[in-house]
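A, B, C and D label the chains in the order they appear, each numbered from 1.
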Amino acid sequence: MSTPIELRSDNAAGVAPQVLAALATANDGGAMAYGGDPWTEELREVVAEAFGAPDVAVFPVVSGTAANALALSAMSPPWGAVLCHDSAHILRNEAGATSMYGGGMQMNGLPGPNYKLNEKSIKAAFASAQWGDNHEAQPTVVSFTCPTDFGTVYTPAEVAALTALARTRGLKAHLDGARIANAIASLHCSPAAITREAGIDVFSLGAIKGGTMNADAIVSFDQEASDQLYYRLKRAGHVSSKMRFQSIQLITYLRDGLWVKLARQANAATVALARGLTDRGVDMLAEPQANMIFAKLEPHVSQALAAAGVYFYDISPGVIRFVTSWRTTPDEIEDMLRRLDVALATKKTGRRSAR
Amino acid sequence: MSTPIELRSDNAAGVAPQVLAALATANDGGAMAYGGDPWTEELREVVAEAFGAPDVAVFPVVSGTAANALALSAMSPPWGAVLCHDSAHILRNEAGATSMYGGGMQMNGLPGPNYKLNEKSIKAAFASAQWGDNHEAQPTVVSFTCPTDFGTVYTPAEVAALTALARTRGLKAHLDGARIANAIASLHCSPAAITREAGIDVFSLGAIKGGTMNADAIVSFDQEASDQLYYRLKRAGHVSSKMRFQSIQLITYLRDGLWVKLARQANAATVALARGLTDRGVDMLAEPQANMIFAKLEPHVSQALAAAGVYFYDISPGVIRFVTSWRTTPDEIEDMLRRLDVALATKKTGRRSAR
Amino acid sequence: MSTPIELRSDNAAGVAPQVLAALATANDGGAMAYGGDPWTEELREVVAEAFGAPDVAVFPVVSGTAANALALSAMSPPWGAVLCHDSAHILRNEAGATSMYGGGMQMNGLPGPNYKLNEKSIKAAFASAQWGDNHEAQPTVVSFTCPTDFGTVYTPAEVAALTALARTRGLKAHLDGARIANAIASLHCSPAAITREAGIDVFSLGAIKGGTMNADAIVSFDQEASDQLYYRLKRAGHVSSKMRFQSIQLITYLRDGLWVKLARQANAATVALARGLTDRGVDMLAEPQANMIFAKLEPHVSQALAAAGVYFYDISPGVIRFVTSWRTTPDEIEDMLRRLDVALATKKTGRRSAR
Amino acid sequence: MSTPIELRSDNAAGVAPQVLAALATANDGGAMAYGGDPWTEELREVVAEAFGAPDVAVFPVVSGTAANALALSAMSPPWGAVLCHDSAHILRNEAGATSMYGGGMQMNGLPGPNYKLNEKSIKAAFASAQWGDNHEAQPTVVSFTCPTDFGTVYTPAEVAALTALARTRGLKAHLDGARIANAIASLHCSPAAITREAGIDVFSLGAIKGGTMNADAIVSFDQEASDQLYYRLKRAGHVSSKMRFQSIQLITYLRDGLWVKLARQANAATVALARGLTDRGVDMLAEPQANMIFAKLEPHVSQALAAAGVYFYDISPGVIRFVTSWRTTPDEIEDMLRRLDVALATKKTGRRSAR
């Protein structure tokens, strides 16, 4: 059988070698537990510089789910509602983590083309909200996913306009940055442009999908949220006692723009793959603007592709997902497209595909 | 100034070199995210063998707080009460994590000499409980800390007798095994003897203090709890997407008894240090049976010791804590005792120590 | 100004005189607190008889929100999802009570004509659910609102078919019976037919809107839920110490079919009002099958009607809600229609109505 | 058998006739639901006047447990700890309601003679607290029970001194006023003196034990807590839709000092009973300062007393509780003492009393 080509998830890609190598440097001698170590202090400085925010707070955590749900629980009272796109990961794929940590906080999924919130959807939510009426959860936070779970990207101007709109009703702004490096690479913008300068108060750094081992982080520009997070994380068991080993991962990931370089490689692979799909007449759910492609392939084709050693996820009948990572090479994309050619040439059999 | 001697915490000791080295082996090629990888499967087998439990469930987590609090939330309804010693870490040092995850679950601290629960304290709790009365949280779990937070150790027979007593009223048994390897090394018993064979249903493995980087685990012999934990962990953000890097840490830690070997080194250092203290007439809160010592030193002595580069924690006026680890060497203990001799020779000044 | 005509809410109607009068009978001498009194025991018997369920459990509570949210919290683990219609009161009007009591439990709103769940909507939810995958809340309960919040009514056969469908995937069935007496009166069915015999496990009795003062109840045919509710209610502060005064209200309300008689009066008023609206060419959102009407009236008409002393609620631009109660008389409906005639004759002014 | 003499609980005493009679006055015509009615507005004015607090907020609830737990949840973040006496009802008898509503908030029981907090116990708690350390719940509220669950009473000066002490570390002050009218009657003080003027921020009015049917209330002088309570109560199902029937109970209870008059009757009965006990050489756990007595009686005596138709509660081996109410008459106390004389004359049999 052919060598597997890994396009299931950037989580499947492993750890960037620079990050892996850096771990040993934090293992010399003892260090204060629970973040009282020099690496964690340095991490704060690295983030402050990367985002142009001297007073930023940074909290390493072990997962994006923790980063998002704990951040949101610190941004809203329990009777608040988080406005997010109907396709948002926090609404669809975190098993109620936000409601659990948020004491029953509600998430309201809103419509919008390209899997993105827009002015219309937020204004409609504002218009139908029963403001100040205790029969209804009160909108308190707007949450963006950038890139979205379907690989589209908000521009800084789009985010800025929506956070400004949200602020007219007192809402705070959260960003699920599970793949924020891919957005930054795609937008050719600064890290600050799509976060702090666009009005985001708290966001998740998305470092694990980008190349760390088990270090994501909550980044907060909001003092009130930061004060809460210090306690909320501990009682959630999200304060690593040997935190320095998360901090060194994040330092290495961020320093000298490594994260954006890694994301560029991932994005480039998606561009090449998307071009190959288009050339072959394969439709996609949306224009791939980061490192994800949702391709419409007939079941017998996708089955043949899977049989040829290409790894991907089935999303819904007739739609499969490819995710590229810092590890995906141009050769792999070429190889994959050759296998796709073979798969496309297979005949549809009479049997209905089981699912 | 002298080289620091690290006796603050086993969390301060860093990662055992074998564990650090093993990380790279899990980074070849892609792997299913969220635990669907071969290392996580292998981990289950390693634990099953170590504890003689073919059907065990193992859930890697990033902290002992998460391990304990999530385990307990899966062992009891929210109106349950966890019976534990009044000095238990879950009661005193986890900022209400168990109550948070447990939906308001209560923790009832009980008295007992040597920081251990005993038959008398549990029987008294049972006698005063309003069983079946909804005005009062119902005892549902008994939780042991072994070694205790004050360095004493339950014997397997003690645990077995108390879990049997607990079971007469339907309680499940939990063990906070933050330093369980040190107990096993101290008791010269098998891992199963102090856990499964003693009636423990679910316990935390305590691997981080023992030498891993950021991989602790919940080990469950209780199917009902295991079924819950699968969901509870995800919505708590405690399922690492690249779980294999936690699994390989735990595999390495457990394989060939490495964990017990590391614990033996830690315990040996404590034995040497305790002997040195006794020789010098220093009293201790309790007999050190694992890798911790609580020494009674006058403030001017402990201040002199700190000034001499010995790192430790102040616990209460006149009491300081030393914790040894796999990294502590016999030379360090000798060196430390020499510095103690100097400190003991210092004169008490008229100034009251600031605290 | 004219005498007000109260059509805002059955909550606005006050207490049925029989219920009010009965309170004094429970005030002779002392009685055990917290439900250990003879009235509460009698209530259980009255409910058992009314629903043909010897083993039923009954828990008086002070509100429908408490009845629904606590019931649901006892029917599902926290990672469960309640399937309900997108217009359900538990989803739209209880400010996240279910998620709060349920530890972050999720509510999934489904589509369906006439504000009712149907086979198609539930099958679609089942098809898209990631069963057994911890990334997603797991469907555990289906909840019906009958009558719906828009005045439509499920038949017993409809409920029975859907609970049977739900049971194929292990879901329990809940009914928000905020106006269940109106449904029973409308369907000319027995209380058991639309609840127990249709596969409902736990429901709220909706007695307050029907005519009690502050006594609603959770009725449970499900032993597992009942066991939990005993504790859940107490720690929610929903166990009235002088419970006998809630029990006597409920006994009086249920005995000799008073509840259905009161509901018949309310329904008859809605029938008369709906006929009057139809005669005048006023459209309604849905066919009124209980005691609620959602009428489409131009803003200048509804404003004129309000100015004429008719009390109602604005629901959305151009839609107003009338609710009739046991207190609404035929004369009031006639009077109201006369006022409507005047309002319909008013001219639309150039000014846009403020809202 | 003799007529029963009810000394179990003031909850067992039923409803004061004035309160019962007033209910009908709120049943004329319709009224806005959920508190938008004139009675609820009047209630606020009555409370404002009674406590000399123009900006007070009042939230009717159905139980003291709800009043206490919801109040505390609005006074502290979830990582807070409530300092209360070790015998406090909120700690011992509410099945974790505060922790449930408070998102895992902790309750720390402190020692103190006469079942009361004192300067020493609070100072000790402050001294041992790890302020600002996220390993430990942070003291955020001090809660008084007055009268205590053992019938002793704080003076206004005592409460004022302790709230002032608490405020030095930023704690808010809560009062569980389950029997506050009995304290006011006992102290001959104004309602404001033992609450607002003594530094209390939020308290429960304790009206049910005092004579209402099912209307207790949270009274808040703290704007921040009041803002939260508006939402917290709704999502807890503690907003009665026909709130006017709770409000009219509370208005009647408070107006013209009825509550204090009722409490005086209850207290007078306790004084008479305590004198009778003392005359007969019966010891008590504490000096009865309100309407409760904890008497030390040998089991054979208390059994004889129970057999003679005197109703009371067993508290612990050899201790029984008598509670008098507005309904207890001087004749009943005399009668009870006669029955006690007979009981005291019974011989102890060889059989050990079953419990």
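Please note the rule applied: a contact is a pair of C-beta atoms (placed from the backbone, for glycine too) under 8 Å apart; a residue touches a chain by one contact, two chains touch by 3 or more.
Just so you know, these numbers come straight off a predicted model, no measurement behind them.
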item: More contacts between chains, B-D or A-D; value: B-D
item: Relative orientation of copies subunit A and subunit B, as a Cα rotation angle in degrees, nearest 5; value: 180
item: Greatest separation from subunit A - chain, by CA centre; value: D
item: Centre-of-Cα separation between subunit D and subunit C, whole angstrom; value: 34
item: Subunit A and subunit D: spacing of chain centres that average the CA atoms, whole Å; value: 51
item: Intercentroid distance (Cα basis), subunit D paired with subunit B, Å; value: 41
item: Subunit B: positions in contact with at least two other chains; value: 34, 78-79, 94-97, 100-101, 103-104, 134-135, 231, 234-235, 239
item: Interfacial residue positions of subunit D with respect to subunit C in the complex; value: 4, 6, 8-9, 11-15, 17, 20, 23-24, 26-34, 61-67, 69-70, 94-97, 100-101, 208-209, 213-214, 231, 234-242, 245-246, 311, 327
item: Sites on subunit B touched by subunit D in the complex; value: 78-79, 81, 92-106, 134-137
item: Interfacial residue positions of subunit A with respect to subunit D in the complex; value: 34, 77-79, 103-104, 134-135, 138, 228, 230-235, 239
